[in-house]
Amino acid sequence: MTEPLLSIADLRVAFATRQGLVRAVDGVSLDVREGECLGIVGESGSGKSVTFAGVMGLIRPPGRIEGGSIRFEGRELVGLDPQAYRRLRGRDIAMTLQDAQTSLNPALTVGTQILEVLLAHGDDLPSGRARLRAARQRAVDMMTLVGIPAAARRLGDYPHQFSGGMRQRMMIAIALSCRPKLLIADEPTTALDVTIQAQVLELIASIRATLGMSVVLITHDLGVVAEYCDRVAVLYAGQIVESGPTAQVISDPRHPYTAGLLRSVPVLSHLDRPIHPIEGQVPDLIDLPPGCRFLPRCPMARTACHNPVPFHAFAEGRAARCVLAEAPR
Amino acid sequence: AELRIGFTLDPLTLDPANHRSRETESVLRTMYNGLVAHDPAMKLVPELVESWQWIDPRTMEVTLRSGVKFHSGAPMTADDIVYTFTRLLTDGALGGQTSPRKSLLGPTKAVVKVDDRSVRFELSEPWPVLPAMLTFQEVVSKSFAEKAGAAGMATQEDGTGPFRLVQWRRGDSLVLERFPGYFGGAPAIPVAGKACTDRVIIKIIPENASRVAALLAGDVDIINELPAHDIRNVEANPNTRVMAVNGTRTFFVALNNNRAPFNDVRVRQAANHALNRKLIIAKLLNGRAEPLNGVMSPAAFGFNPDLPTYGYDVNRAKALLAEAGHPNGIDVTLDADGPQKDMAEAIAALLTQAGIRTKVAVGDGSQVRDKWAVNGKREGDMWITSWGNGSLDPTDIFEPTLATGGRGNSAGYSNKQVDALLAEGGRETDTAKRAAIYRTAQAIVTKEAPWIFLWLPQDLYGVSARLSGWSPAASGWLNLRDACVQ
Amino acid sequence: MRSVALLQRLLHLVPVLFGVTVIVFLMMSLTPGDPAEIMLANQNATPEQVASLRHDMGLDRSLPTRFVTFVGHAVQGEFGLSLFHRRPVAAVIAERLPATIELSAAALLFALFMAIPLGVVAAVHRGGILDRLATVGSLFGVSLPGFWFGILLLLAFAVNLRLLPVSGAIDFAHQPPGLTGFLVIDSVLAGRMDSLGNALAHLLLPAITLGLPMAAILMRVTRASMLEVLRQDYITFAEAKGLGRTRILALHALKNALLPTVTVAAIETGSLLGGNMVVETVFGWPGLGRLVVESIFVRNYPLVQAAVLLYAVTYVLVNFVADMLYTVLNPRVRM
Amino acid sequence: MSPLLDVKDLVKHYGVGQGLLGRLFGAPPRKVQALNGVSLHVGAGETLGLIGESGCGKSTLGRAILRLHEPDSGSVTFGGVDVTALDTGGLKAMRRRMQIIFQNPYASLNPRKPVGEILAQPLRLHRLAEGAALRERVREMLEHVGLRAAHADRYPHQFSGGQRQRIGIARALILNPEFVVCDEPVSALDVSVQAQIIDLLARLKRELGLTYLFISHDIAVIGYVSDRVAVMYLGEIVENGPARAVLRRPYHPYTRALMSAVPRVDRADQQQERVRLHGDLPSPMDPPPGCRFHTRCGFATDLCRSVAPLRRQLEEDRMVACHHFPEPAP
Amino acid sequence: MAELLPGRLARLAALTVLAFVLMAAFAPWVAPHDPGATDLFRRLQPPGWMEEGDWAFPLGCDALGRDILSRIIYGARVSIFIGVVVVLIATMIGVAAGLAAGYLRGWVDRVISGLVDILLGFPYLIFAVGLMAMMGPGVLNMVLALAYKEWVVPCRVVRGETLAARETEYVEAARAIGASSATIMAHEVLPNILSPVIVVATVRIAQVIILEASLSFLGLGVQPPAASWGSMVADGRGYILDAWWVSTFPGFAILLLVLSINVASQAVRDALDPRFHD
């Protein structure tokens, strides 16, 4: 088996705050393979964004990568020098941020914002005068690809002149303009209405098919994962609690949190099925006890759970952080 | 060579007819001349005239000097004189405004040309001080004034003086250059002739400290209004020295003669005894003032040198107060405007020690002046003020400040006998008789003590060692003709 | 759409300017003391003369009539006679204006050139030594009484060290030909480097004294808004795009961060205009501010009235221009 | 039987910053047409689910019913009383009967007041209890929503989102209202907590015999909690009826699109044919003429582009506003 | 900001402010001399540590031989009194007006905002100078002249905060339970806008002290013999060449007090209002 495109091993990220050290990401390991779509699910604050900000080298003080490794195409990214990192970002790995409303610079035209990536990374663009023309052409192509009509005319527009869905598309166009090998889409649809959400997700799926890149789709909606991702990793309180092929995880969750999540949302086609809330609340990330982080809310807790629980593979392609993972339920 | 002067105030205007400002006049005199001027001893000497004669007590004729040229090159003629004075006397002659200097011409009715070199002043009543008062009026060119109009006169000049204007940066400086066609000035004043320096720069530096600093730094050669406390610095500097001249301004504290407690002469006398003038002169004025016992400057016409002195005597003051029914002293307020604030507080402190418990109220100049205006309400107790006497003639200070209803009679003093003497003195043409009349009047006033008599300060100047030939004038004019710099 | 917005803002100026005018007029009309008497003070004026001057000056008419006349004249730039100069107020003010404008502009430039780079650097190196220095410096800047600080500067640099001139705007030896009245511009136009140097030497201390509080405030604003902007998602996204640090700071961040700076700068020109009075007095600067102070003490109210109105109108217009500038910088409000 | 709440032709337009110039030159007023003639009714004890995209006017409707925003026209009748005609006093009395729960648990509680105070205020205002009785009532209410009495002294920021939402619910219910508008009460909450609140609301409804207008943009949640649903698009109700019926067989193309856009966990249940909408929601400032949905509708015809469809009243209390009902064009 | 201004510094500043306040309050007991007692023999006497100095007059004497230290101590009364009273009056008016404008909107807002706009049209010092020129000098007039415009500052802050607060759901919730406008303004809005008001007020006290000093410096301030720091600086200006201490010390007192207030208020702002955290 070939090496995965992106391989994160035991990543730890912490933020020093006035209240104490927030261990936002605490031992996350996952792989993204060539061409696949990996879904990352988890509730708000579970560490989804921070994990991938780590991948992008965008953890700023008071945050710090405390340990672990991030390898992209076999190259270690933790501790990479800033220049090299900069060349990597936007060209090999691209990321779209959670909130399209605030992620485009309101003071610059969208044309500027897409052209600058092309000009910064476009080694394959011709030099001299032709360079700008070529970059423009590629920008227009990219915008057309994501479904912005009359793209050439809209280069001079400012972000506020775009609707929410269009801004999200624009961000995707910018991210994809240098044909990255990996796209990290951080909750591309959370702020959007369902009808628009469907458009954007389908767009990402079709571009992935066209360009053959890998995609990490961050979301808190299991439905989105189910429809669009090959594999899924479930985050809870800074740790991955379960990962595996999407269909398997959904039909046969082995971590009580995953199971609880599945049972707590109403499903349109089974509205008669009662929903079961997960009682309690997400733990505070400061001063966590060493044991299972889901322990206080777990209906199946037992004494072993008070000790550190390893994230371990229990079947081909599947892993979970639960002492009961081996037993199907 | 270039002469630089640090001067307190910007001229308000360059129109000699349209201001009542001493500083403006000082500056204007470097460009303009009058018919009559003062010599260094403050004696009247002819300037643009060769002589003046009284035809009768109501008519005076002047004979013009010949060969006098305006800066424009035109010769000065009798028409210019007539024009100058008609402009001053006629209501609305300054583009609708009336000259504020009109009143300085007293009963002058008209000025008429006799021939090309003679002009007559016609008075509505006898007025012997006319020649002295003529020193205050500068002669303008008729053709220039008609051309420039009131607005032009305000910002341009065409005088006969030793210097002509090159540039005037408002609020900042005036540049003057030597007028080669200058007639040489009053022959009676020593070293008559053309100006000594090529250029004069009058730099406006209102801030006292800055002005002194500029002198000390060698930026300027003359500064006016040297503060007394800076004398030490100027004297300590090898490149600068202090020059002084007895001023013409009498300082006094006007007591409200119409109101208790100062309507009682004993209280007024007590106040005079209560004040240690010598101490204030020594400490606040660095000794640069002459204590006065009356209204007139010792240099003035008709000064009475034999006036009694109110010596510093706290006990006498207290006794007088007690006599007047104030055994426990009195509480009064001393009004002052900003510049007199320090002085007022010092006076108040000293008076208080003698039982005249004095509070100082500082108001801005015109507010206080309003309060003490002759026809105003005059509701204060005391006001520290002063009266200038550029002409050094009693008519110019005695009458306005002490005659009943005089425009500067802020004390509200009224004495029939004094009024009569002043009226007589104003008409008397015999000099000796006139002087005697005023001496008598001074004696009466000093006894009645309508004011606390203060002093006559020296005008202090700081000059650089480069400067020669210049001396300050009691009139306050800059008289720059003689000033030379190496 | 933009011209409509512009017109709209312009129209908003009308009631403000009207209100300002009413207040200025009332301020001076309710002042005790009769201008006619002040004008005739020391002149042996008879009551009839005073009355006729009152009539000429329109003081015998009712307040509303006088207001209408005042506004009518003010619109034409006429403010009556300066009581002491006995010349039109407008002419007297016009002579003093260039010096004041020059000083204010210099102070503004000083403030901007100090504040913006310092604010940016402080924000970028947040918590660093430069940031601390700038913060402490700005606290000093807003706490310094300008009139006192000016005196200290004067004492140090002009009197004791003799590095800079004591007073005024230029020395005569270096006086450039008066084309515009602005010494710096005139010097450049005439190609007189000596004049330029001399004018700048005179400008230095007053401009610093006047500009320092503003620099302090603008530095804080720039720092705060820069910090705010650097937190924004679009900065993170720009970084995710792999752009260089300089481009991110200079283009992406600064263009947004300057918005509050512009607004506050406009508001702070108010303290610049007011500070003129103090600083010109301290440094013997031949400008309008000193003239106003002097005029107050001789109760030259027509001049004070005109100057206060002029200051207020200038201030309103500066803020209007800043509004427009804001529009240019911020596409979001451009519609 | 007449419904508890009856809304007729409710209209609410928000004027947006028009400026002096606009007023001077009589420019056509710029208005956000947030509600454009909305009619609906809710029976006692029933939950009406209201669904629609962001900005379509759901919150406005909820607030207009309570007269938190004054409607421009139309009427709201509650228990036979015309709410729109009430004076200040009458309205205050009516507030006891109608309440609202807000979407944002962070903004809906005054950060400066302890929770006990927040809950006591309605009682004091209506002079329903004081002293010990008041404290007892507050304690009782806290426990009712799953909090503890000790929580009364804490401030809102000391609670998690879900707990705050419980406080919001307690505040709404402490006056014993008959009817509650739930404006997206779970949208801001984490998935695992959402279910807790949905459960709580269901329990309280059962125990207290409440009537809900439940607003959400999540159609599954709406389907789960509602007896009847109303679908809103650009200020108008396009379809409404019993929940099961509407969701099983949606008539309006918009309802169908909405349902097929929802990503499902159970892949097997995915519809084969998907109705995908193109384009964005038009601006409520100038909604399209004719049928407001025609710009995004796959079945739109010229008729739709020019004529607004009638609201058709159908069997079993259903309504749909579409020209092409019952047979949509192919 | 916490790292930039260590707590120690903030405490020191607060202590300094307190010291000034106590000094002003107990001036008659603290001051070594009568601030008005002139002694011409001590005219321009240098500070104690200088030659010719006398430690009985530690900071030297002014042109009338009055003790500068005592005058500074009494001057603190004027500065602090004016600063506090002006800001107090302004805050009360400003909060009331701002609340009314922001919450009631409509014509109330238009009138108040119109007035605010007009007053904002004046540079502050210019406005105060104009008023002082009209009313004449004096402490009361000074308080009025400053308060006439000062209220605009809290008013704008309060109006803005109120506008924001009135749209919040907790205000809507209060309306939903039947609270009246007055109740909502007093119980919901006011407590939430108090922090920024307090923060603004502390900073403004510092600014008003500087304004007062500037006016006094220009000669439009309090009446002598009462001393204000600004007028003391102005008095000493003429003696700057040979007696630097006369204006240096009062000016330094202004700097010290204003700086301390500013530093302390920065700390207050940090503590009270998380939104001001940079």
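Chains: A, B, C, D and E, in written order; residue numbering restarts at 1 for each.
What we mean here is this: a contact is a pair of C-beta atoms (placed from the backbone, for glycine too) under 8 Å apart; a residue touches a chain by one contact, two chains touch by 3 or more.
Only a predicted model underlies this, so the values are computations on that prediction, with no experimental measurement involved.
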Note the shortest touch-path length, in steps, from chain C to chain E.
-> 1
Name whichever of A-D and B-E has more C-beta pairs touching across its two chains.
-> A-D
Centre-to-centre on C-alpha atoms, which chain is most distant from chain A?
-> B
What is the distance, in whole Å, between the centres of chain A and chain D, each centre taken as the mean of its C-alpha atoms?
-> 32
If you average the Cα atoms of chain B and of chain C to get two centres, how far apart are those centres in Å?
-> 39
Chain centres from averaged Cα atoms put chain A and chain B apart, in whole Å, by 91
Per the centroid of Cα atoms for each chain, what is the distance between chain C and chain D, given in Å?
-> 54
Where chain E touches two or more other chains at once, the residues are 136, 219, 237, 240-241
Where chain C touches two or more other chains at once, the residues are 32, 154, 159, 281-282, 296-297, 299
Quick one: which residues in chain D touch 2 or more of the other chains?
-> none
Touching chain D in the complex, chain A uses residues 43-44, 163-166, 193-199, 201-202, 220-224, 226-228, 247, 250, 260-262, 264-271, 275-279, 281-282
Residues on chain C engaged by chain A in the complex (per definition of touch) = 232-234, 236-244, 247, 251-252, 255-256, 329-332, 334
Residue set of chain E touching chain D in the complex reads 168-170, 172-179, 183, 187-188, 191-192
Within their complex, state which residues of chain E touch chain C.
-> 3-5, 114-115, 117-118, 121-127, 129-131, 133-134, 136, 206-207, 210, 213-214, 217-220, 230, 233-234, 237, 240-241, 244, 247-248, 250-252, 254-255, 258-259, 262-263, 266, 278
Residue ranges of chain D touching chain A (in the complex, touch as defined) | 53-54, 160, 162-163, 190-196, 198-199, 217, 219-221, 223-224, 243-244, 247, 257-267, 269-270, 276-278, 280-281, 296
